[in-house]
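Below, chain A partners chain B and then partners chain C, in two separate complexes.
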Partner chain A sequence: MSIGAGLRKFTKSSEFYVLLAVVLLCAVIGMRNPAFLTVFTGLDLLRASIVPGIMVFAVMLGIIAGGIDVSFPAIAVSSMFLTARLFEYLEWTGPVAVPILMSVAIGTALGTVNGLIIAFFKLPAFIVTLGTSHLFHGMLVWSIGARPVNRLPPTMDAFSRAEIFRITGETHSSAVPVTFWFLLGTIVVVYFILNYTMLGRGIYAIGGDRVSAERAGFNVRGITIFVYAFIGFASGLAGIVHTIQSRASFPVELIGSELLIIAAAVLGGTHIGGGKGTVLGSILGLALITISRNSLIMMGIPATAQMFVVGLIIVAGTGMSAYQAMRRENKLPRILDTAGGGVVAGK
Partner chain B sequence: MKKSARKVLTLVAASAMVLVMTAACAAPAPSPPPAAQAPADAAPADTPTGAAGVNDDRVFTIATVVKLTGVGWFDRMEEGVNRFAAETGHDAFQTGHITADPAEQVRIIEDLIAQGVDAIAVVPNSTASLEGVLARAMDAGIVVISHEATDIQNAHFNIEAFTNEDYGALFMRTLGELMGGEGTYTAFVGSLTATSHNEWVDASIAYQEANFPNMVNVAGRNESAEDPVVAYNRTLELLRTYPDLRGFQGSAGSDVAGIGRAIEELGLVNETFVVGTSIPSVAGQFLESGAIDMIAFWDPADAGFAMNELALRVLRGEEIYDGMSLTAAGYQNMTLVDGMFFFGNASVAVTVDNMHEYPF
Partner chain C sequence: MQGNSIKNALSKLDFDFRTLLADTNLVRLAFIMTASFVLMAALNPGVYLTVRNFQSMAFQFPEIGLMAIAVMIAMLMGGINLSVLGIANLSSIVAAFVMIAAEPQIGGWGATFLGIATALVVGLVCGALNGALIAFVGIPAILATLGTMEIFTGIAVYITGGPAVFGLPSEFALIGSATVLGVIPMPLIIFVIIVAVYIVVLQYKKFGLEVYLMGTNRKAAQFTGILTEFTIVKAHMLSGLLAAFGGIIMSSRFVSAKSDYGSSYTILAILVAVLGGVNPFGGFGKVMGVVMAILTIQFLSSGFNMLRADAYLRTGAWGALLVAMLLINYFGNKRAEKKQIEAMNNTKITEA
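Showing the complex of A and B:
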């Protein structure tokens, strides 16, 4: 495929329309306030997108496989708070990798619980995770109480200040923290799974049509368990990164963020019914949500109107990609109208 | 083989669920009765200390409903409620949901009405959304005392630790002096519907306009959703939008922590001034680094005690009057306005020098 043809194909994809929305939003904000169009804004937005980003790509995997997981904030907060309290109690001074691995392990375990229930009882993920979300969060508060951790162990605290690089200007300075690698790692892993592995084919297949996938020989049960375990894994990671970024841990944070995360994936063209979705689309969806959540002050929009504007951007964004999908569908040959020559006409 | 395995699995899952449910139902049940019984035995001896010598040995159940549980602020309030229970022998306890959700507060209060408690002391997330359920509570003969709700209608009395005007002015007096009466500042509220936060900021802005005419408020007030990470991101955004921003005022307890972290990272500790409501355990590390200059609060333990004490006086039919004392520190000479709004004199200003006197 030549570059020109590739570009033409891209302009017809739903990703293109999300990209257009992102560029449009940036242009509008930039016109209202030129300070937006600086490298500092970019770095600040990059940092603000780390925690939601890690969750977006995991949730996207679940949606492609045909299930909407809403328990990931509960898994994230359970993993991070349990870990923070444990290592505060231990007065931990060892390497920071241990609490991170611990949080990831808790997240994976909780995600596997979701996966087992969904796979073995063939229940809708939305219903199961609605329940387990309360189960996990409730268990956390019930078992270890809700007293926050106000000071992290010293190695975790030091890690929270670790930066990949920092750019310092006259009035402002901005850095990309080391935790950015976790987001990048998640993106690379999800991209690799979806595009280069049989597992990825299977995830698309069971999201498209579960029965067909089973008949085609995919291990539907195994793939389902993997998907929810992976969401748990990523949530555990996102949780501990959130705690590291906050330099404190509260058992009530992140809860309530699920809808914006799902919105980011769906904005990026991930089909809510399963079977469709790309990493690039979700990167753009994440960008749109992060920019609209973190740049409205720069546009001079008063706090009272911000929630309204974020909602407007989500509705407009999903509307644009849904319109594009509808147009694409209308262009497909109608089997009934073109009976007989349908295949030829469709080429 | 496979089929039987699934049967076993189903059975195990079902029995596990039953077990969890019975455990969940059984667990909360035993805890209130001992709390009610133990003090009841001790009540006759204890009663005179708590109730100013009134000879009334009825034991009342008083529920304190807080905005959310699991934060240092309301943990400290629970200490005051427990102290009240221990000193007076009444069945006083604190409850709340783990998120600051007005709908959850409504549900909790409905449960308390059904349980038939004698009094409810409540710290509303949103006054307007609680009016209906509190009216039902009063219809059911329950005494309702609120806190941090100067616009409430359906309560017997509301208690404030201080007038919100005085408290808002306290922050601006400090911030204005730190900034030398010059430069731009901005303010945060936990939520745009939190009455007290917005009244403090109103009062601060009014005090600034009257006393520091050369200072300028920018961006009005910003919403932190009571999340320090949101306050952090907003601070970065504000400093990009207004590079000469010098003053910050926080309202939710975690606002100054988020602001302080952004200030530290940008290396602006010496150029900027941060004041706001918080408690030492949350703001301590930033007071030490100099990112936060002053925090103020009222001791939630005393507020919790005072609410319960007032509820008890109302339940006993005692006289309620301007200038009365509710025993707790800062609440010993209450000003009564419009027949239902009590104001104390209980604000505490803390800097790095005296933070260690308040270990919570």
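Showing the complex of A and C:
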């Protein structure tokens, strides 16, 4: 494909609209407040996007496979809090990798439980994870108590201050923390799985049409379990990164962020019914949500109006691509009509 | 003749099948509800079985019960409504401003009626917006209502600036605090009346049938001549109306209105709806099931209160209950299906 044709194709994709929205939002904020268009704001936003970012790409994987997981914040907070309490109790001074692996292992285990229930009983992921999120979070915090961890083990504390690089200006100084590698790693892994493995093909296939995927020989059960285990894995990682970043661990954090994270993935063009979604789209969706959450105040929008504006952005963003999809569907020749809308709606 | 008798047999069978499924779900729920009541009564014998406890329970559950039915209506069509709490708070806040402004002119009772009407209109408008976004713009219900939840709550935050709105007429406060005949709490009476109306609308009227049919098979519904877009808008308006009723009771109980009252209600309302046997893929679910589910939750909740149970334990219990219910329904439905297939085979033999 030539560059021109590729570009033309890109302008018709949903990613293009999100990119347009991100650029537009940045331009508007930048015009109202030139301080926004500095490298410092960029770095701060990058930092703010690490924890939600890790979760966005995992959740995207679930949505592509046809299931909406809402338990990831609960898994994240459960694994990070349990880990923080455990290593506080142990008065840990060893390498920071151990608590990180511990949190990731807890997350993966909880995610696998989700996967097993969803795969074996063919139950809707949204409802199952709604139940397990309460179950995991409630029972874990109840069993170990809600007392927060205010001081992390010294190695974790030191890790929280580690930076990849720092830019210092006259008035500002911003840095990219080492934890940014975790976000980058998640993106690379998800991108690789989706684009270069049979597993990735299977994830798209079961999200597009579960029965066809089964007939085509995909191990639907195994793929489903993998997807939710991976969401658990990423949630455990996001949780411990959150604890490291905030240098404390509270049992109530992150809860309530689930819908906004899902919105980020869907704004990026991930089809809520499954079968469609790209890493690039989700990066843009994440950018849109992160910027609108963190920077509206720089635009002079009062704090009390921010929720309203974020809601408008979600509705406008999803509305634009939904409306496009609906029109495209109506324009298609009606040869497949007797077979039902499923054929058309999937693409 | 032959064709007719087969058709009759099939239609009879279909009827039996549906009532069987629905009934076993309801029977199961009734059993779980009774079990949780007996369990909690046995754990707190002295305090649980008192008029006072029953009264306090009847004051508490109606608002969230109404919101759960609001979620149920959206679920019947295969969608969801995440904005019920946003609608409830926004409508009660707008109503609060109207009542405060109107009370000096038209008195407490006049202001109360005007306030109720205002809240209901706001609920209808919010519901219509949800429905329009889903039906005419084509946004999936989960995203449309997620967005409008932020919008409604956002408007509520903006117009109040954050803090609660006080100074509601004392007549309005009676909705959430008065008792009829000295014992029956007002919210319970409102709840019973609304539930009765919604049972009729959803289960005995053409409109209700359209909603259920849409959730079962939207394409088929379209081909039978149902204007699916308008059905979606109307159903979401009914959902919004219920949320507004919930908001009225809630703000009357607190004698104030605030943008973040009942912050855990969204998730709890979904939980209650699913616990009540509403199929999130659409097409199945009964109002009575949701009523039993909310009673179960209330029985357990009051019991936990008396046991001074940890809030996290309670959260965990709701989750466990939901997962358990999903599994029980799964195995139960599987058994019913098997029975159904057996019955079908038997009829075929006799017909032949």
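Quick note on the criterion: the second predicted complex is superposed on the first by the 331 of 347 C-alpha atoms of A that agree within 3 Å, B and C clash if a C-alpha of one lies under 4 Å from a C-alpha of the other, contacts with A are read in each partner's own complex, and residues count from 1 in each chain.
Criterion: a residue touches a chain if its C-beta (ideal position, glycine included) is under 8 Å from a C-beta of that chain, and two chains touch if they have at least 3 such contacts.
Note that the structure is predicted; figures quoted are calculated from it, not measured.
Judged by the touch definition given at the top, the superposed model places A:Gly319 against chain C, while chain B stays out of reach.
Of the two partner chains placed by the overlay, chain B and chain C both lie in contact with A:Gln306. Contact with neither chain B nor chain C is seen for A:Gly30 once the two complexes are overlaid on the shared chain. When both complexes are overlaid on chain A, the residue A:Ala175 reaches chain B alone and has no touch with chain C. In the superposed pair of complexes, A:Gly273 makes contact with chain C only, with no contact to chain B. Judged by the touch definition given at the top, the superposed model places A:Gly42 against neither chain B nor chain C. Of the two partner chains placed by the overlay, neither chain B nor chain C lies in contact with A:Gly208. By the document's definition of touching, both partners, chain B and chain C, reach A:His137. Contact with chain C, but none with chain B, is seen for A:Val128 once the two complexes are overlaid on the shared chain. Contacts of chain A with chain B, set against its contacts with chain C after fitting on chain A, overlap at residues 137, 141-142, 146, 251, 302, 304, 306. By the touch criterion given at the top, residues 82, 133, 137-140, 142-144, 146-155, 157-158, 161-162, 219, 267, 270-271, 274, 280-281, 310, 312-323, 326-327, 330 of chain C touch chain A in their complex.
Of all residues in chain A, only 68, 117, 121, 123-124, 126-128, 130-139, 141-142, 146, 251, 259, 262-263, 266, 272-273, 302, 304-312, 314-315, 318-319, 322-323, 325-326, 340-341 touch chain C in the complex they form.
Residue ranges on chain A touching chain B, taken from their complex, read 33, 35-36, 38, 40-41, 44, 48, 51, 120, 137, 141-142, 145-148, 150-151, 161, 171-175, 242, 245-248, 250-253, 255-256, 294-295, 297-298, 302-304, 306.
For chain B in complex with chain A, the residues that touch the partner chain are 6, 9, 27, 68-72, 75, 98-100, 189, 192, 219-223, 227-229, 233-234, 236-241, 243-244, 254, 257, 261, 265-267, 281-282, 284-285.
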